[in-house]
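Presented below are the structures under discussion, each in the form of structure tokens.
Here subunit A shows up in two complexes: once beside subunit B, once beside subunit C.
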Partner chain A sequence: MNFAVETPWVLAGLLFMLWPLFDDGVRHSPYPWLDILPPDAFSTGLTVLLRILGMATIAALVLGLAGLHRTEQSIERIGHGANIVLLLDRSNSMDNTFAGRTPDSEEESKAAAARRLLTEFVAGRPHDMLGIAEYSTSPLFVLPLTENKEAIQAAINATVVPALAYTNISKGLAMAMSFFNNRELTGSRIVLLVSDGAAAIDPDSELQLRQWFKQQQIRLYWIFLRTANSPGIYELPTDSRNDNADAMPERYLHKFFTSLNIPYQAYEAESPDAMHKAIADIDRLEHLPRHYRERIPRQDLSALCYQWAAGLMLVLLALKLCEVRR
Partner chain B sequence: MTTAPETFRYRLASPAGSVFPGAHPGQMVSSGQLFKRHEPLIAAPDPRRIDLRASVLDPFGSYQVRVYQQKSTLDVYLIADLSASMSFSGSLNKQQILIDFLLSAASSAFSYGDSFGFIGCGRQLEQRWLLPGCRQMGRVRALAKNLENHVLAQGCESLPQTARLLPASRALVFLLSDFHFGTDRLKTLMHGLSRHDVIPLVLWDSAEYLDLPPWGLIRFQDMENGATRTLFMRPALKQKIVRAFEQRRRQLQQAFRAFGAEPLFIDGRYKAEHIDHYFQQRAA
Partner chain C sequence: MSFSGVHKDYRFWCLVLALAAMLALFVHPRERQKRPVYNLAFIVDISRSMNAQDYRLDGSPVSRLHYVKQTLRELLPKLPCQSKVGLGIFTERRSTLLFEPIEVCSGFAELDAAIAELDWRMAWAADSRIAGGLLSALEILRNGDSEVVFVTDGQEAPPVNPRYRTDFSAIKGKLDGMILGVGGLQPVPIPKFNAKGEAAGFYSAEDVPHRSSFGESNLNPEEIEGYDARNAPFGREAATGSEHLASLREPYLQQLATETGLRYHRLTDTEALNEALQTPEFAVQKPVDADVRWKAAVAALALLLPIYGGLLKRYLNRAINRV
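Presenting the complex of A and B:
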């Protein structure tokens, strides 16, 4: 309970609280001799009450004027969830359907399917920290790791804009991992790569990525949205001459991920249903307990102060109307 | 002050001791209407009043003279409490009642040919509120006018000091106050005045207790010390206050009766008949 005020000097007005101690506000009537009046516990109680009411009213008004608020706070919570970075492919091909055609009213594009399913995925996991990165020719920083579900949804919805050019997966992965840099995060760290193609990773980047994957203890999920008639992850080359990273980037990327010795799972999805299955699978797997701090935004209490002041003033007004008039 | 003040008739319970001839039965023997006793001619050398029959019957053969009770003058004093509470204004202003009574008592005294004096008691005795026994209505009127314009201040501590300002012989002393002070001070006051015939006039107002509002919030400020007290008036509390005043009335009566004085409660308007009544009851 951290309270603070906007304009502290207004708090000097709290000195006015002493005023009701000397004067309870009831009109004076001269009386020759008070000692003769018998003691009356009810009246004494009412006098004390009047003074307390007066002091409380002044306090509420002054606190309202000073702008009382509760500062931003964070509460430590334990939930089942994970720190997930969604790494989305924004290459041109994502705007095509799974069949490799332009989307029409019957078939949705891969990007739209990914958007829809990820939206469901995010909505079903309230305790996750999510960050979003995208990549195309170069990586795009979209949203850092956050708990703000509205921002996450907005970031996912923002992928509506048409996709960009090519696929540069190594830089995308580097950026996704940079999300975990310098953050104390409990619970599992997940990179969820959604792409419809792969690219060769040059040896320099490969070395760097290996090191980072080890350091960050990342679990990697790859949802490969396979377009019809394109090479799959597990496909073996028919001709040994084609067995290189440039000809079969998917196979080699998969081999690279497998060789990292980190928890890694690849899903090859050839339709929205298959993709749905893959996401449900991840959803089920990643439920480790996670410590996280929930942030409670600053609460303005001046309105509450004014409400109290108004209520107390009504009571005082009622008592004032009870006053004897002569 | 266009109308002449009402006068009332008063008398002492016991004969007055003054040597000056006046209108009240006294202890002096001289020329008068009422036969008192026989005295030897040596004691009362007035051969005109020799009672021959009594002289013959006297076994020692001395001349007996008839002596008569001489009517004497009386000193009338008004001791008034000039504390702030005496300016209480309920159904009537107590200060105005004080002035009315001052004029009424003075003109009554002068109609008997008696002298009248006034002692006003505030925190200290002040020269301007002292009027030694006199027979001039003008001085009394001037005093009344001053009193009318005076704002009464707090305290009546000088009340017990009044005894030394009163004559040595028995005087009729009207003691006018609301007696809103402790019984101890009252006792010292009455001790000092025990030589005189004291008529306590208790000035209360029905607004102090009977005419309080039955319901509502009210804050009383003590006229003497300025202390305040907030009361939530309700019929039960009003009853309690009325009972407190009745108890105070009995307490005052007991306190005064212990000194042989019967208090007269003036509640509301002052009327000379009340004083008349009081003296007639006392003589009976």
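Presenting the complex of A and C:
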């Protein structure tokens, strides 16, 4: 029960409550000699009641004016959800279609498909905490882990602007993991990587990333939007000379993720439908209990105050009508 | 006993009127009023020259970017609720939007965190083509309903060739907004960082190009020392200059503002920025249901108090009698 008022100085009006102490608000009738009236407990009680009613009415009005309310509260609930950082690829190629062409009226670009499906995903998971990081040549911090779905949607919508430069995935991953730093979070921690290509991870960052993935207990999902005729995650080199991270970055990134020994799932999506399936999968799998605080918005009590004031005034009026007039 | 005559008591009428006021309160609690709200998209220059330290916060020098972040974070709570703020960054020759405008009151924590995380390391490339970035910012935002606030120090790097200037005529006047000039007028060195992000001194004159060497020179070939149309269209002499020092290029930004139909404002402090932004020109009058119950409640209270003012009246009477 946390009560608060909007404009505290109005509470000074509570001093008006003193007025009924000096005056009971009853019309005075002339009487020859007051001393001959016998003491009457009922009358005394009635006078006290009248004064109390008057004070209460004034108090109710002033509290209503001051804007009495119950402050925002939150109660802890346990729901099914997760802490998800969306790590979005903003490299130039995301603006092409799955067939590797410039998007036209029939085919949407990979970025547009990702945007549409992520919108559905976000809307379908009310109890998640979501954060967004993006990367091209360098990582971009977009929004911290939050329950504000409108903000997340605004960030997803903003990916409509042309994509940036190249693909530097290791910095992107590091940025995504930094979202979980110094945060007490219950429920699973997920990094959902949406990209259409990979890049070699340099040995320095590799070590660092390995360590962070372990420490943060991250579950990794990789939705790989594969462009037609480009090497896939599971593709084996035809020539052993090509079996290196620079020639086949997708295969090697997948190998790296698998070697992390963390819960990891890769989806190779060659069309918007395949991507839809991947997202549905995550939606189904990630329903571990998560403690979250449900916010109870502040409750305005001024309406209640005014109702009480009006009710008390009615009582006062009724009593006024009972007054004896000689 | 008789109940007649109660109407002769002024207290009765006060109560009736107070109740009427309360009735009005319940019947008409809200009134539609128009209030100005703002929809601003900040595009912040994160190129290297924004690391130059020529602002002071609490007595210690801070970088331009840090100061911009601080000011924007202070600005957020000053905007009326239902205003929206979007954020984007600019470097190289392009701007990008991190998120579309978000409502400031419900999204305060998110906006604050996102602004705090702005960093020059987010830059995907190192050039600083202000005019190009401004044009791309205007193109991104032309279909939205936000006012663009382009935050930059105006230092083109490498310098532009006046012969090849960005053409804003297609977009001029389509958008309202402001170019916010950042930095001091005194040239200051630009900090340099190594691959690990550690400070590594400052940029020196040898580190940066001091003139454009793109395309043809804008000068008359006869004036160029060692001119050769094919091999040295800008002459043979290495250009020298002070492009390694950063200062606010105010005349240039004012010129860009005129060309794009935006306003120009120089960032000094939050208060001045707030005033410059909260102008009627940027405001959208949004109908808001304002609570007007207080009017009726004050009336009811004013009517109620005289009922208990008998004492006051007696004192008044006594005073009058004495006189």
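The rule we apply is simple: the second predicted complex is superposed on the first by the 240 of 326 C-alpha atoms of A that agree within 3 Å, B and C clash if a C-alpha of one lies under 4 Å from a C-alpha of the other, contacts with A are read in each partner's own complex, and residues count from 1 in each chain.
Please note the rule applied: a contact is a pair of C-beta atoms (placed from the backbone, for glycine too) under 8 Å apart; a residue touches a chain by one contact, two chains touch by 3 or more.
Predicted, not measured: the structure shown is a model, and the values here were computed from it.
**Q** Mind working out whether A:L46 is in touch with subunit B, subunit C, both or neither, as first, second, both or neither?
**A** first
**Q** After the superposition on A, what does A:L61 contact: first (subunit B), second (subunit C), both or neither?
**A** second
**Q** Under the stated touch criterion, which partner chain does A:V324 make contact with: subunit B (first), subunit C (second), both, or neither?
**A** Both partners, subunit B and subunit C.
**Q** Touching A:P297, do we find subunit B (first), subunit C (second), both, or neither?
**A** neither
**Q** In the superposed arrangement, which partner chain does A:P203 touch: subunit B (first), subunit C (second), both, or neither?
**A** The answer is neither, since A:P203 touches no partner chain.
**Q** Which chain, subunit B or subunit C, is in touch with more residues of subunit A?
**A** The partner with more contacted residues on subunit A is C.
**Q** Check the residue A:R27 against both partner chains and state whether it touches subunit B (first), subunit C (second), both, or neither.
**A** Once the two structures are laid over each other on A, A:R27 reaches both partners.
**Q** Identify the residues of subunit A that lie in both the subunit B contact region and the subunit C contact region.
**A** On subunit A, the overlap between the subunit B and subunit C contacts is residues 24, 26-28, 322-326.
**Q** Which of the residues in subunit B end up touching subunit A in this complex?
**A** Against subunit A, subunit B makes touches at 85, 88-89, 178, 180-181, 208, 213, 215-224, 227-233, 237, 240-241, 243-245, 248.
**Q** Under the stated contact criterion, what part of subunit A meets subunit B in this complex?
**A** Listed in rising order, the residues are 24, 26-38, 40, 42-43, 46-47, 50, 319, 322-326.
**Q** Given the complex with subunit C, which residues does subunit A contribute to the contact?
**A** Subunit A reaches subunit C through residues 13, 16, 19-20, 22-28, 54, 57-58, 61-62, 64-65, 90, 132, 134, 136-144, 146, 148, 150-151, 154-155, 157-158, 161-162, 164-166, 302-303, 306-307, 309-310, 313-314, 316-317, 320-326.
**Q** Would you tell me which residues of subunit C are touching subunit A in their complex?
**A** Answer in residue numbers: 1-6, 9, 11-12, 15-16, 18-19, 22-23, 25-26, 29, 86, 88-89, 92, 94, 96-103, 106-107, 109-111, 113-114, 117-119, 121-125, 140, 293-294, 297-298, 300-301, 304-305, 307-311.
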